[in-house]
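Letters A, B, C and D name the chains as they come in the text, with residue numbers starting at 1 for each one.
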Amino acid sequence: MIKAWMEIISNRPIAKNIYKMELKGELVQRITRPGQFVQIKVDDSFDLLLRRPISIAEYNAEKNTMTLIYRAEGAGTKRLSRKKASELVDVFGPLGNGFPVEETKEKALLVGGGIGVPPLYELSKQLVQNGVEVVHVLGFSTKAAVFYEQEFKELGETFVATVDGTFGAKGTVMDIINEQRFTFETLYTCGPTPMLKAIEEAFPHKKVFLSLEERMGCGIGACFACVRRTKTDANDSGYKKICTDGPVFRIGEVMLEC
Amino acid sequence: MIKAWMEIISNRPIAKNIYKMELKGELVQRITRPGQFVQIKVDDSFDLLLRRPISIAEYNAEKNTMTLIYRAEGAGTKRLSRKKASELVDVFGPLGNGFPVEETKEKALLVGGGIGVPPLYELSKQLVQNGVEVVHVLGFSTKAAVFYEQEFKELGETFVATVDGTFGAKGTVMDIINEQRFTFETLYTCGPTPMLKAIEEAFPHKKVFLSLEERMGCGIGACFACVRRTKTDANDSGYKKICTDGPVFRIGEVMLEC
Amino acid sequence: MLTVKLPGLELKNPIMPASGCFGFGREFAKLYDLSKLGAIMIKATTLEPRFGNPTPRVAETPSGMLNAIGLQNPGLKKVMEEELPWLSQFDVPIIANIAGSTVEEYVEVAKEISKAPNVKALELNISCPNVKQGGIMFGTVPEVAGHLTEAVKNVSSVPVYVKLSPNVTDIVAMAKAVEKAGADGITMINTLLGMRIDVKTGRSIIANGTGGLSGPAVKPIAVRMIYQVSQSVEIPVIGMGGIMNVDDCIEFLQAGAKAVAIGTANFVNPYVCVELIDALPNRLKELGFDHVNECVGRSWKDEKSSSNSCP
Amino acid sequence: MLTVKLPGLELKNPIMPASGCFGFGREFAKLYDLSKLGAIMIKATTLEPRFGNPTPRVAETPSGMLNAIGLQNPGLKKVMEEELPWLSQFDVPIIANIAGSTVEEYVEVAKEISKAPNVKALELNISCPNVKQGGIMFGTVPEVAGHLTEAVKNVSSVPVYVKLSPNVTDIVAMAKAVEKAGADGITMINTLLGMRIDVKTGRSIIANGTGGLSGPAVKPIAVRMIYQVSQSVEIPVIGMGGIMNVDDCIEFLQAGAKAVAIGTANFVNPYVCVELIDALPNRLKELGFDHVNECVGRSWKDEKSSSNSCP
């Protein structure tokens, strides 16, 4: 990991409050896996003090570029969304372990919820490159929030659910999963904790990799802000850090909450 | 006074660390006198919380424009200096009383030191317009810090001193004043307190108007941050507020310090 | 949906300028109609006029500011004869902030100023950290604060709110002491004692040396203290300390304040109070509240029914 | 021009990471050579391993952050057997931050950890406001803090620095109490107790409820307290609380600290410590200092010779 000034190539909305930012810089050379993330300092003022963790949605080592997809909701991501091409951003990364692409030889199910969808895109691309068949199940709140459906379709079969039924199936990713009864070798998922929990319950004996989120301090394992208890060890002090041991964990490796 | 978003027409360096910013907006209509100031919120972040008081160096009611000249020294003015044309700035003003142009009929001496020079420019323009003969004495630290010498020359005789002698006379404005022994009806001055004190001592019986500076909170007279004791009244509670009763005071009206 | 009832105060809305950041209203009256405000907390009044501290009296700090005004004010007589009558043209209750160096001075000011028809409550400034005599003393020892409160209560014609200093080890003990002494309400927090040194001169920017820290920087401390105090006393709390926007107001209410005061933000945006009053109804609706009172104390009311700690 | 001598410590420079913001150095060792640092204050060590508090454990606030890590650490045994030996590859003195729930626990940890060859000093964390048992108690009552200091001094093989909590009415009384009890130095400040509520849920963002405030927001409070304490005790002060840049370091030295520690800033800029070390000599020169020691206490040393208040 390094701290580097990366140049904004583009930064534009792709759905309601969802922005896509393309960045260029040497940092890209260090990315080893889909599902890794970076920590961004929104600007050089102190009021929004901490860095914002954002997943790498796509990267291209040849062109030295990477793409972030983020929701402009809080103060920091809103400020980020106002940045323009050619401005520089202070990026620290790549951080975290990322998805184990090599764990799938034949068929993978990729399940994403809302702002958990982006890291699955690079993952899907790399799986497809390895000759793996991919199926995507993506959940969003409403039609206006849907993004990248087309991009995923180009890589494999893609199902979309919206909670209010304004696009795709009405309901959650679990409704689609329950209905379609997919077969798969590996399941990769990223999204809100309730979704991850439902998946964990539905597939206790499958090879599942979940990407977790937590509020972070350092992002590199030094501050103990982002821990999860290890499952086997709920009553003593066994734990993993999401920022370095994760964000991707094998099912059962850590408890999903606290 | 109003709080308004004004558009930056231009913002560029005119001397070492000295920037000239031209702004456009309706606020200009409310300016009544040279020597008034505005309070600028540098940006919408909280870390540089307070507004920065900056004098109006020039204004044009017909074009709705005004010019500020400021030194980029601290964090706020440095951020201000990075702003570009067409960006908007949050300006509150006009504030303060300003210089009484009408107090001079024939000949005025204008004495400015460093970043106290800017408000004298509009003053000089208006005096000249009224048929008054103006003489300028401007003091700077060094050649690289000199600005607006040419502009002042076009309005009247102009003497420049630099402390290190790299431009104009070596020394301070007082050296020039002592040497030239100007005659004048009124003296208007703005600059560092030691300079103002020297002027006060040199011309105790003249019609002198001094523009003072102080760290401010509200800028409108509500917080009592910017008071000066009135001269006649040093031992009790008599005072004036620089932000509303000033920044321009008649010689002897207030104590220059504390 | 914004009305709030507090001892002595019928507020149109829960937003009011904090003492010392609004003078006696004259300056802000040029910017908007003061009748829009829930109330006005006027600048601390002392028995005699005071000049206050040497300048510079303010300094900026990260997301905050220091002040050491030193209670400059025109004194009781002028406030009674000029400022309060002038303010009576507006339909807005006045909360008179009072200060002093001795119990007797407080008592004298309280007795007189509480008789003014538009003064609906007193705010006892027991915590101004700038004035060397008094101030810090009253506000940091529970017994002393209680004694002062009692003395003022005895003479005041209107309810008495005590303004707590955050510069204490145990804010709850302070709150309980003034409640026990008869306070009708609590306002909090006053400023935190701080300092900024100019590295070029090696000296404090504020001539007085130290000053009181306010602004967004102190907000987490204010919220924590209000959260603790509002659960521990029966009397209402008016909250302040770093409020800048409408979400900050709601945060203070949820922490347990029944109304809020805006200090430093008036310097950043002189229209802030009316803008907050205008923005509050919509934001409340967005968050699912029908009345501002529904927010009050939600952070700890919720806690009691369900725990948010790990099983 | 940067060397500083303190009890037990020969510092190459006065810059060190603060406890809890640097773990045991392993992560930052991937970014730069730890031997560049003046010292390292390692994460609080307790007798037994601790898991700490539920998550979320951090929240951002204006120019600051709250944390309620809850002293998570691998426990004395692992620190002695793994972390300290690993750190011994670097030419840098270690200041071991220790915590506990009882005097006995502190004593036991102090006795053992002070024997590690690279531990040159202890830092008694008497002020962590997050841990319900202990912490807050030790750090807010002078006698209790003094008693603990004495007990630890009795068993420690290296000098003992006591880390003061800012959540007190009288910081000078705390400092004097630990000085009297034999402390070799003081480090300050630890975090201020704060809270942030998520207006959407109405609850604290930090699962623990309250957390410790750090970062630039608290800097004026840290500077004020160091200014007060450094004038009142004979033992040296290591200062911390919101330092972000080289001018902040100098401000702390001028306030009276002999060296400084960097906490939260490591999260904002992971290279901050080495960048400060590199930037310090030039800035000192610019300000007219030949050695970092010349800055120390300048704010109050100057005051004594000339007054900056109005005549």
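One rule holds in what follows: contacts are C-beta pairs under 8 Å (C-beta built on N, C-alpha and C of every residue); 3 or more make two chains touch, one makes a residue touch a chain.
Keep in mind that this is a model prediction, so the values were computed, not measured.
> Counting C-beta pairs in contact, which comes out ahead: A-D or A-C?
A-D
> Report the inter-centroid distance (CA atoms only) between subunit C and subunit D in whole Å.
Averaging C-alpha atoms per chain gives centres 33 Å apart.
> Based only on mean CA positions, could you tell me how far subunit A sits from subunit C in angstrom?
45
> When the centre of a chain is set as the mean of its C-alpha atoms, what distance in Å lies between subunit B and subunit C?
Here subunit B and subunit C have centroids separated by 36 Å.
> Which residues belonging to subunit A are in contact with no fewer than two other chains?
46-48, 258
> Which residues belonging to subunit D are in contact with no fewer than two other chains?
54, 61-64, 207, 215-216, 244, 309-310
> Chain contact topology under the given definition, line, ring, star, complete or other?
It is complete, because no pair of chains fails to touch.
> Sort out for me which residues of subunit D touch subunit A in the complex.
20-23, 26-28, 30-31, 43, 49-52, 54-65, 67, 69, 72, 74-75, 205, 207, 215-216, 244, 264, 266-271
> Applying the document's contact rule, which stretches of subunit C touch subunit A when the two form their complex?
Those in contact with subunit A are residues 62-63, 216, 309-311.
> With touch defined as at the start, can you tell me which subunit C residues reach subunit D in the complex?
Contacts found on subunit C: 54, 61-64, 66, 140, 167-170, 192-197, 199-200, 202-204, 207-210, 213, 215-221, 223-224, 227, 242, 247, 250-251, 254-255, 287, 295, 298-299, 302-303, 308-310.
> Give every residue of subunit A touching subunit C within the complex, in rising order.
Result: residues 46-47, 257-258 of subunit A touch subunit C.
> Could you pull out which subunit B residues touch subunit C in their complex?
1, 3, 41, 46-51, 92, 214-229, 236-237, 239, 244, 258
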